[in-house]
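What follows is one structure encoded as structure tokens, with my remarks underneath.
To keep things simple, chains are lettered A, B, C, D and E as they appear, and every chain counts its residues starting from 1.
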Amino acid sequence: MEYVLLQAVFLPLLLSPVAYILGRKYGPNATTWFSFGVLLYCTILIVLAAMQGTYEEHYPWTEMFGEFGFLLDGLSSPFAIIIYVLSTILVLYSKPYMIRHFTKQFEEQHHSEVASSGVQTTAIIESTALKEHVNKQSGLYFALFLVFAMGMLGTVLATNLIEFYVFFEVMLIPAFFLIAIWGVGPRRRIALMFFFWTHTGAAILLLGFLTIGLSVGSFDFVDIKESEIPKDLALLAAVAIIIGLGVKLAAFMFHIWLPYAHAAAPTPISALLSPAMIGIGAYGIIRLIIEFLPMQYADLAIWLHIWGVATMIYGGAMALMQDDIKRMFAYSSISQMGYLLFGLGSFSVLGLSGAEMMYITHALGKGLLFMSAGVLIVTVGTRSISKLGGLAGKMPITATCAVIGALTIMGVPPTSGFMGEWILFYGALETALEEGSTLRMVAFGLGLLATVLTMSYLLWMLKRVFFGKLPENLTKVKEASWYMTAPMMVLAGFTIVLGIYPDIFFEKIIPYMNGVMGV
Amino acid sequence: MGLELINFVIVSVALLGIGIYGLSVKRNAIRMLFAIEIIINAANLNLVAFGRFIPHSGGQTLALFSISIAAAEVAVGLSLIIVAYRMYQNIDIADFRSLKG
Amino acid sequence: MADAAFLALSVITIGSAIAALELRSLVYGAIGLMGTLGGVAGFFLLLDSPFVALFQIAVYVGSIAVLILFTVMLVKRELIFKKIEDPKRKWAGIGLMLIFMVAIGAVILDSGLKSVTTDEPPVDFREIGDDFLTYYWPALILMALILAGSVTGALVLARREDEISGPRTD
Amino acid sequence: MATDVVGFDVGTIAAWAVWIIPFVAALVVPGIGKGSKKASGYFAVGMALFSALFAAAMLPGALAGHEIHDQVSWIDTIGLKAGVLADPLAVIMANVVSWVSFLIIVYSTGYMKGDKDIVRFWFWMMFFIGSMQLIVLSDNLLQLFFGWEGVGLASYALIAFWYRDKAQHHVGKEGYSALGISEYYSPTHAGMKAFIMTKVGDVMMLAGMFLIFAFAGTFGFKELVGDTTWAVNMSAAGLLVPAGVLLFGGAVGKSAQFPLNEWLLEAMTGPSAVSALIHAATMVKAGVFLVARIGPLFFALAAAGIMVDQFFEIIAWVGAITALLLATQAVVSTEIKKVLAYSTGSQIGYMMMALGVAGLSEQFVDGYTAGFFHLISHAMFKASLFMAAGSLLHVVGSRFMTDMGGLRKHMRKTYVFMWAAGLALMGAPFITTGFWSKDAIFAAVFESSSPWAMPIFIIAVLTAVITAFYTTRMIGMIFFGPKSKHIEKMEAEGHHIHEAPRSMWIPYGILATLTIGIGLIGFSAEGGIHELFTDYLDQSFGIRTVQHAVESSGLPGILAGLNPIALGASLIAFAIGFGLGYIFYIARWVDPAKFINSNIFFYSFHKLLLNRWYLNAMIYWGFVTTPLWIARSVSRYFEKPVIDLGMNVGFERAVAWSAKVVQGTQTGVAQSYLFVFGAGLLFVVLLLLV
Amino acid sequence: MIELTSTPMILVAILGTIGVILPLINIAKNEGGSNAFYATIAFGALIASIGVVAFKILTDSVLPSALFSEDVLVDDTFGGFFAIALLIVAIFTTVGSYNYMKNKSQPAVYYSLILLSTIGMVLIAYSTDLVMLFVAWELMSIPTYILVGYNKKDPSSNEAALKYFLFGAFASAIIIYGISIAYGLTGSTNISDVIHGFAVLDADMVPLALLSIGLFIAGFGFKMGLVPFHMWLPDAYEGAPPTIAALLAAGTKKAGFAATIRVIVLGTVALNMDWTFALGVIAVMTMTIGNIAAIMQKNLARIFAYSSIGHAGYILIGISIAPFSDIGIQASLFHIFNHAVMKGAAFIAVAGIIIALGTSSLDKIKGLGRRMPITALGLVISLLALAGVPPLNGFWSKLMLFGAALDAGSVVPWAPWLAIAGVLNSALSLAYYAWIIRKMYFEGETEKRVSEPKSVIAVMIFSIIFIVGIGVFPDPIIQFAGTAAPTMSLSASP
């Protein structure tokens, strides 16, 4: 197997123009299946490569900044697999959702045009124009989608600080366009806000990178791992990196952009942004801080821990207050990122493994939730929770998937959420006991209570959306198409399989974390 | 020759100051040109004075270059002023403020 | 003798510089400028640099100042006599000038320049020609290009084109 | 992959099959339901029976004192194994669960007939049973927790089964509120409440599990017993009792003990079959089972010189408080299922009390047996009562007892069975299982060497009085007295009040009969269990029971082994309770309403009980209203102004403002520019020189 | 004495000859001759020049980055580096002007002035003598005064030219004043002599040396657009013909940096090194003010003007920490090169917009992505590159700049703050770049396509390839900048 990862990363990028042209020429069907095929192929490549154990590729790049490499090890392979699996699935899901969105946008635009020009067009012209519009837009959408997926994958596979940063930024650009073009509400403003804040975070991250890279004299992970960095510099670098990644993680106080971006993005993109993208911050912290700067990590762990607890509780409390369902999920994501941070701060093998597992389960669970929100948007046409109710009978598959997603987020067995959560919390407790630290004990207790909070807002949401009385205007609602439900069912299946047999990922994660923590 | 270098330099500094004053206060374009000429002359004075006291021919050479370039500059400046005058019937720089912000 | 000449020249130069800027009439201002330039030429003589002094008079007083005078003449009368400084700006300018003079003057007076004198003979102006032809010759070529460029450019700019009609005030 | 059994062994297969079969059934049911809803019901019944038969297959071995322990690898990376542990305790429990649930499933085929969501019902019922059996048969805490949460999940789904929130499925009186908190709950609300409240307990349990795992490095029960150095270390760190209490916290939540008892009372919104399952066989019994699982473990530590008394004291007191608290509330409730729910909580309190007291006495097995025996008898009579109540609801169409009355002529079978089960609940002397088990608890409490023995004993007796009273009241209100307006109206509309269909009354008939049947041989049955457990505790935990010579208690014949004081108290309690009930509700010599209103004290006490000691309201205020208020305030006064406005809009404005300022300097006037240039020159020179 | 076959002299020969001849042809043809004719000649001359420079460098017939010589010019890689960058800019300008100058008067002089100015810029980079440098400086400046005011009918062009001229003349005077002091202190105008003179200066003369450096900073800083010498810049860029703005922003500004590196940095390593702190302060002021002022602008050209002020600040980071970090100058050179291309492309795109739509107002370019797709794409790419978004070339050079600043942190404690300020500014700058993108792509959804000027498209395509290419494989230019960067120590001088 050669060039496997190179293919997996760059095929989507190289083929994105093809997706665009296919969309323009042959319409959404062709480009959907094409994109699906590309991503599926790449996903299979990744899975195959991951099964071989640690797998690396290296290519010459620049003299000053080091090599261009890809690494699939115990840390990155779960991230990589989840990112591509989600992306692949969401391609299919996107089709009905986005076509509806394009049509709606076209109509709005068309109406305003007609209103301003006063010229009446015939229905035939209108329908061909609509078709053209949909074709064009879907081509563009899937092209950007592919690039977005590629950016995320590249980030987690990178073996070089600068390469990491490049991919980290590259994923922002398509995300920016995806939100700005097809978002809802004041989408351009929000896209700008998203771009601006995450870029600011990334820029701070870059400072940390430079500090490390320059003091080591190389930006390659391999060299950094082996070298010793002066203490004060390393601490500064670590803080910069954590702040930079904290913005991406939307940790408490840096979460400004997230509720807006996730609520405004088109739902398939929210379902990719929220579970897959922001969690990359956690990947970064593990890779860059915990692996490369263990001493600094030891100093900073407790702060991460506390920050995690604050984020968890704050995100959960804010989620309780939301009426817009996507915004609520966005806050829920913030809260979940708090779990990740909590795990990262736990300073124990199982805590870290739990954090990574939480990424996976959050990806599955939040993906499901966002996807069901998308189904609601498509079928019901509203995202306001107060206007919904009693939909379980009308759309049983969606409701079931939403419940499974919610259970995953809550951490109820047998979903994968529980597997992430218990390991995470156990890790936290272990350290607390070992250090005899009251602070950690309190954090542990609060963290456990936060799970009750998580449960409360999710159950309340389920109650208000899927249960209770059915509003009269919703009596004609039907289940969504297979394009939307099938991907959800796949994810739901994943989360349960993983919940019962978590070793699929644990056997990669835990040995890696053992290595990192030097156990 | 009993003169000291410092005397010339002081005069030169005085001229420089006057030139800066003129540039930052006067509104008439031509008068601003005057101010620039005064500064260039201050520099020339410096050059020649230093050249005399080192002694070295470079100061005088440079002064000659400087004078010629000043001439070229004045030519260009005056032509610009003329264009402006044709357009506005005015050479008050402070009135030319359509570009700002 | 030299001191007296220096003093006189200083007074003339600085005084006419001020006059050039401050006299109400632009024409008198131009004449004041000629005074300054002449004064500087005087200094050059005092510094045993007759060649530069002559060049100064020829180029500056002879051509530049005259050019300026002609331009001044082109301009409408009322513009010539308009005195339109903003008093606030004027005082600010004077303040800046004074600080500048004091600061730089202090630097210079504080430095080792204070006591530089020379007993060596002045440089022969033939050395200047030597310089030009051996060391500075590329600069001389560029000088030629500058003059060519500025002349053609100035011509193009100054040329009256018929399309321009009337003042624009936007 | 079996570790300690080579080859196939019926017991091992059974131990796995008992809990796997219901899960498989749950997965298959929707598929069958697509074809025929009726078939899905029969399938469910069959699978429940299948599972029960496997449970029964384990019984002989268990009674002989064998235990089955079988493990497979699970999460290898941290060395966790999945496994089954079918020791006598688990096997008996598994049988209780599976047979009672089987009967309930049979009952459901009648009760749920015609419901369009029946497939979902079967799915969750099977899931429920499977989860419960998983709890019972797990050999480690983590796997147990899977079942534990599964039970919670299933209860959530089933309590909120009628998720459309129609008025007839609510619980409580419409518009009734205490301290401003409405006590009228919809099914979805009740389901959510149950899930979240039990989750609080679960979280505590999780913490306890983690603490133990942190010291022992294992979740397995056998491993924990095998090597007790972990306990020594934990005790030295002062964490042993907290860990135990945290684990007990899980039981508190699941078994609806004080202070997490309130969810149970709204859990009535589900179908009656579900209520029966929750109260008799699954959910609430899980907590008791957990305590029974870990209790001996802790008690055995005492032998190693580790003090765990506080752990048992807490259990005993929580049980005692719950028993009394909920029993008092049952006295005033007018909803039939709610009365039964209060009663359940109260009875579970008894069980906890017994298990707690066991740890405080020298003879651990006495209390242990008493508690467990009460669990068994309660499972039978409470299931029976709930199913009967379901029939009544089915027939009358109202959950209020005030809407019933005088039904004994119309529903004879139900009347009889309810009396039988009710008497068991009251502890009618000598003929009911309830009597024997309760008496054993009294005796255990009384004989315990704890300083708290006396107060707990008094509470227990008082509760028994109240229990007898409210049970009599319930039966009196339903079957005696005149017909209510509601029934008259129904009859006027042409509805004929009749007995429930056969598939419904047979199951609770069986259970009611069993109650009396076992009751007749109750004392020896208890003796059997006692003996079994004595051996079990000895073998598995090394808890030795001193066989002291039977003292002559001065009681005749078969009662010779009983404690006379306990026996007397039990008899007196029954007499007082039943007598009062008879006066008020059967003979109706005194009008209860008048009696209550006769006196400000009675009135306010009644009100207090009616408002559930204000406990529910306080919990809502403390844990729902206040946090919501805080969240809203934070959202309003922090998230929006500080984060949103401050960091987004504020930042934007600050930048825009500074942009304006900077642009303001760009006036377009060349003089200003040149002035700045000059000043800048000066600035640079000074910067260099300084 | 410098040979006639050295690169700078060949460039003077080619470009100077063509530059002088073009107006003569014009006169000979009696003011005839088409725009295309003159543009082709100028283009040919520039291509020939760039070919010569590239050939000389590739055949290794130039000195390594010597920076010092006994002569007025030196044919080294430092000069070659700037020559290539500046010639590319000149080519951009020439090509972009082809469409712009259609139907405008006097194309011959216009191209001739571009060529003359280009010589000036290039020779600044080759100069090793203050007099030479000054003369080249004037050769660069004077034609641009005229070019900025070339639209005689446009009042704002004239206003811009006047402001530019006043500043330029003032700055020239300041520079020559500075030269006079340096000369007075060391008795020579050759830079290497000046350095050695400074190194052995008496303690009481050092303030004077610093004074001369201050004057140099002000004089060169005016061209570079350093705050507080930047005030003319937005006005001039906005008023100037957009092609000339490209020349100013991408060309003359870079020549200013060349002069700075040659004179200020090298010339004063001899003095104590703390003085670069002043440059650091200026760098922070420059980028902050540039970026903040850019935010609320309504005109594309003006936004880019401010943005180029901001970029001057970034470049100055590398220069200010040059004595303390090995890669400071290299990073600056790399960013200079990149910025030349990016900003050149951006202004040429503005020129294209003005040619096609007649305005560069931000409100009028709504839906540009639909109206002029290629121009808009080029503009977007260059904007993102300016913002430092990877994987475009601007990212790499910013990376190196900030890295260099952090690197220098081990020697001078204030250096990392430059990096932090730079990073924050870079993030802030995204606000207005993204704003432009928003206007172009997310508004005006109903706009129809208009025809785009061919020459502008050519520039766009070239710059897109260049920006993305260097973004993906930055190594060649980094290496080139590395060889061009002089070593920062006295021992390197002869």
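FYI, a residue touches a chain if its C-beta (ideal position, glycine included) is under 8 Å from a C-beta of that chain, and two chains touch if they have at least 3 such contacts.
Treat the numbers as computed from the prediction; the structure is a model and nothing was measured.
A.B. asks: With a step meaning a move to a chain it touches, how many steps does the shortest path from chain A to chain C take?
C.D. replies: 2
A.B. asks: If you take the chains that touch chain C and keep only those that also touch chain D, what is left?
C.D. replies: B, E
A.B. asks: Would you kindly say which chain has the C-alpha centre located farthest from the C-alpha centre of chain A?
C.D. replies: Using the mean of the C-alpha atoms as each chain's centre, the farthest one from chain A is C.
A.B. asks: Name the two chains that are joined by the greatest number of C-beta pairs in contact.
C.D. replies: B-C
A.B. asks: Central chain, going by Cα centroids?
C.D. replies: Chain nearest the overall C-alpha centroid, as shown: A.
A.B. asks: Give the label of the chain whose average Cα location is farthest from that of chain B.
C.D. replies: Between chain B and the rest, the longest centre separation is with D.
A.B. asks: What is the distance, in whole Å, between the centres of chain B and chain D, each centre taken as the mean of its C-alpha atoms?
C.D. replies: One centre to the other, that is 97 Å.
A.B. asks: Give, as an integer number of Å, the spacing between the C-alpha centres of chain E and chain D.
C.D. replies: Measuring from centre to centre gives 79 Å for this pair.
A.B. asks: On a C-alpha centroid basis, what's the spacing between chain B and chain E, in Å?
C.D. replies: 26
A.B. asks: Would you mind pulling out the distance in Å between where the CA atoms of chain A average out and where those of chain B do?
C.D. replies: So the centre of chain A lies 64 Å away from the centre of chain B.
A.B. asks: Give the residues of chain B touching no fewer than two other chains, as numbers and ranges.
C.D. replies: Residues 16, 19-20, 23-27, 32-33, 44, 49, 51, 53-54, 56, 58, 61, 65, 69, 72-73, 76, 79-81, 83, 87-88, 93-94, 96-101.
A.B. asks: Give the residues of chain E touching no fewer than two other chains, as numbers and ranges.
C.D. replies: As it turns out, chain E has residues touching two or more other chains at 131, 135, 138, 142, 145-146, 149, 152, 155, 162-163, 166, 170, 174, 184, 207, 211, 234-235, 297, 431.
A.B. asks: Give the residues of chain C that touch two or more other chains, as numbers and ranges in rising order.
C.D. replies: 89, 92-93, 96, 100, 104, 107-108, 113, 136, 139, 143, 146, 150, 153-154, 157, 164, 168, 170
A.B. asks: Using the contact rule from the top, write out all pairs of chains that touch.
C.D. replies: Pairwise, the chains that meet the contact rule are A-D, A-E, B-C, B-D, B-E, C-D, C-E, D-E.
A.B. asks: Using the touch rule from the top, collect the residues of chain C that touch chain B in their complex.
C.D. replies: 2-3, 6, 10, 13-14, 17-18, 20-21, 26, 29-30, 32-33, 36-37, 40, 43-44, 46-49, 51-52, 55-56, 59-60, 63-64, 67-68, 71-72, 74-76, 79, 82, 84-86, 89-90, 92-94, 96-98, 100-101, 104-105, 108-109, 113-125, 127-128, 130-132, 136, 139, 143, 146-147, 150-151, 153-155, 157-158, 160, 164, 167-170
A.B. asks: Spell out the part of chain C that touches chain E in their complex, as residue ranges.
C.D. replies: Where chain C meets chain E, its residues are 104, 107-108, 110-113, 134-139, 141-143, 145-146, 148-150, 152-154, 156-157, 161, 163-164, 168, 170.
A.B. asks: Provide the residue numbers of chain D that touch chain E in the complex, in ascending order.
C.D. replies: These residues of chain D touch chain E: 655-656, 658-660, 662-663, 665-666, 668, 670, 672-674, 676-677, 679-681, 683-685, 687-689.
A.B. asks: Taking the touch rule as given, give the residues of chain B at its contact with chain E in the complex, in rising order.
C.D. replies: Checking each residue of chain B against chain E gives 16, 19, 23, 29, 32-33, 36, 39-40, 42-44, 46-47, 49-51, 53-54, 56, 58-59, 61-62, 65-66, 69, 72-73, 76-77, 79-81, 83-84, 87-88, 93, 96-101.
A.B. asks: Give every residue of chain A touching chain D within the complex, in rising order.
C.D. replies: 193, 253, 255-256, 314, 317-318, 320-321, 350, 390, 392-393, 407, 412-414, 418, 422-423, 425-426, 429-430, 433, 444-445, 448-449, 451-452, 455-456, 459-460, 463, 466-470, 501-503, 506-507, 509-511
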